[in-house]
Amino acid sequence: MPIIRHMCRNFDQLRPITITRNFTKYASGSVLIEYGETKVLCTANIDDNVPTFLKGKEQGWITAEYAMLPSATHQRNKREINQGKPNPRNQEIQRLIGRSLRSITNLSQLGERQILIDCDVIQADGGTRTASITGAYIALVDALNSLIVQGKLTSLPIYEAIAAVSVGVYQQQLLLDLDYKEDSNCDTDMNVVMTSSGKIIEIQGTAEQQAFSRAELNQMLDLAEVGIRQLLNYQQQSLAKYS
Amino acid sequence: MPIIRHMCRNFDQLRPITITRNFTKYASGSVLIEYGETKVLCTANIDDNVPTFLKGKEQGWITAEYAMLPSATHQRNKREINQGKPNPRNQEIQRLIGRSLRSITNLSQLGERQILIDCDVIQADGGTRTASITGAYIALVDALNSLIVQGKLTSLPIYEAIAAVSVGVYQQQLLLDLDYKEDSNCDTDMNVVMTSSGKIIEIQGTAEQQAFSRAELNQMLDLAEVGIRQLLNYQQQSLAKYS
Amino acid sequence: MPIIRHMCRNFDQLRPITITRNFTKYASGSVLIEYGETKVLCTANIDDNVPTFLKGKEQGWITAEYAMLPSATHQRNKREINQGKPNPRNQEIQRLIGRSLRSITNLSQLGERQILIDCDVIQADGGTRTASITGAYIALVDALNSLIVQGKLTSLPIYEAIAAVSVGVYQQQLLLDLDYKEDSNCDTDMNVVMTSSGKIIEIQGTAEQQAFSRAELNQMLDLAEVGIRQLLNYQQQSLAKYS
Amino acid sequence: MPIIRHMCRNFDQLRPITITRNFTKYASGSVLIEYGETKVLCTANIDDNVPTFLKGKEQGWITAEYAMLPSATHQRNKREINQGKPNPRNQEIQRLIGRSLRSITNLSQLGERQILIDCDVIQADGGTRTASITGAYIALVDALNSLIVQGKLTSLPIYEAIAAVSVGVYQQQLLLDLDYKEDSNCDTDMNVVMTSSGKIIEIQGTAEQQAFSRAELNQMLDLAEVGIRQLLNYQQQSLAKYS
Amino acid sequence: MPIIRHMCRNFDQLRPITITRNFTKYASGSVLIEYGETKVLCTANIDDNVPTFLKGKEQGWITAEYAMLPSATHQRNKREINQGKPNPRNQEIQRLIGRSLRSITNLSQLGERQILIDCDVIQADGGTRTASITGAYIALVDALNSLIVQGKLTSLPIYEAIAAVSVGVYQQQLLLDLDYKEDSNCDTDMNVVMTSSGKIIEIQGTAEQQAFSRAELNQMLDLAEVGIRQLLNYQQQSLAKYS
Amino acid sequence: MPIIRHMCRNFDQLRPITITRNFTKYASGSVLIEYGETKVLCTANIDDNVPTFLKGKEQGWITAEYAMLPSATHQRNKREINQGKPNPRNQEIQRLIGRSLRSITNLSQLGERQILIDCDVIQADGGTRTASITGAYIALVDALNSLIVQGKLTSLPIYEAIAAVSVGVYQQQLLLDLDYKEDSNCDTDMNVVMTSSGKIIEIQGTAEQQAFSRAELNQMLDLAEVGIRQLLNYQQQSLAKYS
């Protein structure tokens, strides 16, 4: 018996996607991305210093930070500073975001400067890490374009676009773009980051309750690709607008 | 010669004030308040536990936390967790917010529960602490009303409304509701928290560069009162709407 | 019915004030100040480095730290290092002390050096922050005089003297220079920092339990002025002695 | 032209695997596992308390910690306590180890107790996380068997065995079980955790420099499976010995 | 050629010793002890809770904390909270103080309560750890006597008195009770804690620059004994006074 | 009645001592030392930077760190990073190790470089600090020899060898080289660091339960010397082997 998803969503249907560029005014790129009720503010700031290990290497760097507002979750979550140490889940996600964006950026062409990505979750309803990647890509492009406008770069040092989505298996049924309730109940959960040429940047699959077979893996990847194609389209449409 | 303020604002004129209730969906009260370009998300969550020092005292408590998103400021500000210790300015402001809200709340009537206020600055252009207090008051009322709806309270345990505004002296001219640029240049800076009956809850005046006389203090308080009257009106209008 | 204060003190009477210069021998200024049973060691050390944000700006800086000995309070208080994070009340007070001293110091004339003020409370019986400011002013002057003796300054880079006192309202009665017991019971509590010319440097008023009117504010300020005049006298007498 | 690996290893050949049970004497399970020059001490301790969120839920838990000795790496690495905060890479790996072991354990059958896994890297030459999982599985089984011996469990609460290996693509050539030098140079890097029935527990693929296609993903998984079959055999042989 | 010590002190002469009981008023024992220019405030507070590891064991505990005021040293020393971690030298000294006091206390007779000793150095001129032990002993006795007065103990749970002193070898000459300058230049440095019956509680000898022979060790211990006899006398005289 | 020690060890007999050089491969010196069941990995790494306070002083430095693996102890011990602060016992021991090694090293001859010693306890059965010193000495020599091989030093900048052992008094009987059980029950406990010429570098004696006399101190030192002579022999034999 097929599962009835919230708002009668189809198993292979994304939640409504909204992308608002220039959501705040100080960062070089500032994007509010919404996957349904999940809302993440993704900003990109330019720093003229690179990390120590890159000093004098004539290449740039992209680093990311990810956090949740205390009121973003069903149960209020404690601020990291009040827990006394960084939240390991946040650390893991921000490493993923940074790695994904670096892999599609020509860091030599970027020059000795660093782009600082901040993904701050305003409201969390599942898929915050995938929304962060999809939104951060746009903030990154906006920040890089500001460098072109300032004459510091001559062209966009980007190989291709990326977007990310989650897929899962719930009671033997495949589902695209899990919301919080679906995510909590899934047997298997996979996050996929793909490029516009259909190549994989990151794949992270976890059997929460039940291991999955090679066949199921392939079905999940097929479904992820369906969602990512659409997300890449939304990104393009948003970037096409005069900022 | 009179100072020309941004957007030709009068010396005794507030910036445009916007109040959006139910900005996010999980907290019992969630208000986005804007004083011009300053935008603060104020939320109120209910916790059935009181702090240890109040256990068994048959009264409630209100506590506040205040923080800025990294991208909220002209120059990106570092997250507290990455600085390794709480930011003392944030600590000072959150103590002020908590104290202000507690002073107009009947804590015995509230019962043994705690209201956790979070003020997260999305964009900072001066006056974030005063906007936080004005907005947090509404979030608090919304949270308390939810307790009434649930039958846990019979009436609002609030003595009177509060709002807050800054005033300053810049080149001998009084100014109401300072934006970031004005605030950085002022000789004197005062934050005032007042109740709807015109009484003072908190007054914090600081001579950044030039001490001020008792006469100047009185002029600043007169001006603050003008602004606070209007803010109290905006609060009332917002709360009058069916949430 | 008038309140009977400890030691039959009048409502407008300071506690016995004692100022001991050169209390310890290594700091350039070292003052033990006592407001009755409240005892604070205020020291001033000279550092030839300024904070990073002032490098090359040809001006000096004054910064303050405030802490309590564990045995200073009625109930032993935990050391900050054992609580794992700075105490927010201490942070707020040390910011106040630093700001107050900077506002009466000609920082350009001071030159690219920093004065580090330490206010360590040996015994706390109310008014530790106001005693700290009054005492730290003397330690600051002693440290600056040592720079004159060394030929590094030609005159004292101080605009005017400052002192501080608390005032409160307790059962509708105004009280000057609150001790711990009075402070804990007051409806309203105000700390005032004033200069020798009668101008205000800082005013911090808090309605702990009952908001206060503009008229009450003015009465409190009148009373504070009475106390501060006397404190400025005590400072002058102390500094007049050959150190 | 085929790549010549260290010690003339074949592209689909594991490094020499050594498993030493009872390496230390206090933990309930203590295994030194070596993947070539990579040496990890995996121990399992039993704790009769479960984490707070599981109190009274009648099920157990498995948690893992992962760290490196300072001298384990080519360049000495700083201890976490001296860096002042947990190392995010370590945090990510220990979350992976805990998740993997939990997914093959019947936590209800385990009962209200917790198994604490410690993976401490004595020497790091690539593949420390995969070696940790393979070794920790044996330490876990040893600890669970000690509970059977003590009469606290009647049978092993394990669904099936797991082992883990890395695969990579280096200059278009697939390689199994990467050593440090290979790992640093790979375009793509994947860690796979599989069960004895050939199902996937975790898959983490990262394109360090070049995105990978679906076809490449499948080849990497085929190769991982070859390695994991052998590792599962080594585990079985080791566990067959009288401890 | 004999060394000329500061103030023409003899090689086997203590610095002037001053002991002030009841230096502050809240702690149950509060002693300012001075070894020449070294001044340490030693306080003892009673806590009705014992550490977790002693719960229900029907015995008490004594624990100590040691710290320096920032202005206590020749060069201002940073507060621990601002260094982000406990100072290891302080930790080592406070462990020594606690151990020394516990070894002469009948912890069973003390009952399930804890004595918290705080040794805060007001001015440091060498020998702060030995002065702390000698002073803390008196504060401890005062606190225990207050328990007798309250009827919570019937007699002093102390086996015998202790005091401590340093000895050193400087240019082949033995010296008692080293001041800061002597301590910094010594080849060998020894701290000795002895009881009134002449037994050793702690001996800590360190060859800073030159190892020492068994014969030298014995000479140093002879000299320490001379100093400790006098310190025990001073303690007795001080405690004999009506507090 | 004489005490029967584990494995029928004589009162003046060391546990079996094992020294394994080159236990790991990246550090310049890497020694696994075993005193019976106590196993410590001691490594020495060379750092071309000296600490700030030695910059430009034309001398080197030796610093040590000491820690335990979580599974090294009878009851699993928490990692320092998870306790949020350095373990004071570890801090004290690492200061002892560093001080001991520096005192027999010609730091001027070493030149402006630093040797970082890491002592990581794999299994703890008493005497970990003394085993650390004895083992670290060998790792230090191996590291210094590597500097000679590289032509950076012409001869070993070591005055003489050192080794360390514990002695204790248990039920009036002297015991050499205490294991964990003996150590926990001893009335008195002493750690002695001696050189090959029989001189003392460090002596740390603690009366856990019963103060000790000068006569007992001398007996303990006699016994320590017996053990240290043998340990110095084992070191020499180990270093005589071609590494």
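In order of appearance the chains are A, B, C, D, E and F, and numbering begins at 1 in each one.
The working rule: a residue touches a chain if its C-beta (ideal position, glycine included) is under 8 Å from a C-beta of that chain, and two chains touch if they have at least 3 such contacts.
On a predicted model such as this, the values are computed, not experimentally measured, just so you know.
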Between subunit C and its twin subunit E, rotation from the CA superposition, multiple of 5 degrees | 180
Relative to subunit E, which chain has the most distant C-alpha mean position?
-> A
Centre-of-Cα separation between subunit F and subunit C, whole angstrom | 51
Mind checking the centre-to-centre distance between subunit C and subunit D? Centres are C-alpha means, answer in whole Å.
-> 59
Among subunit D residues, those touching two or more other chains are 84-86
Which of the residues in subunit A come into contact with subunit D in the complex?
-> 85-86, 88-89, 91-92, 95, 99, 103-104, 195, 197-209, 211-214, 217-218, 221
Within the complex, subunit D is touched by subunit F residues 24-27, 30, 37, 39, 41, 43, 45, 47, 65, 67, 69-74, 76, 79-82, 85-86, 116, 118, 120, 122-123
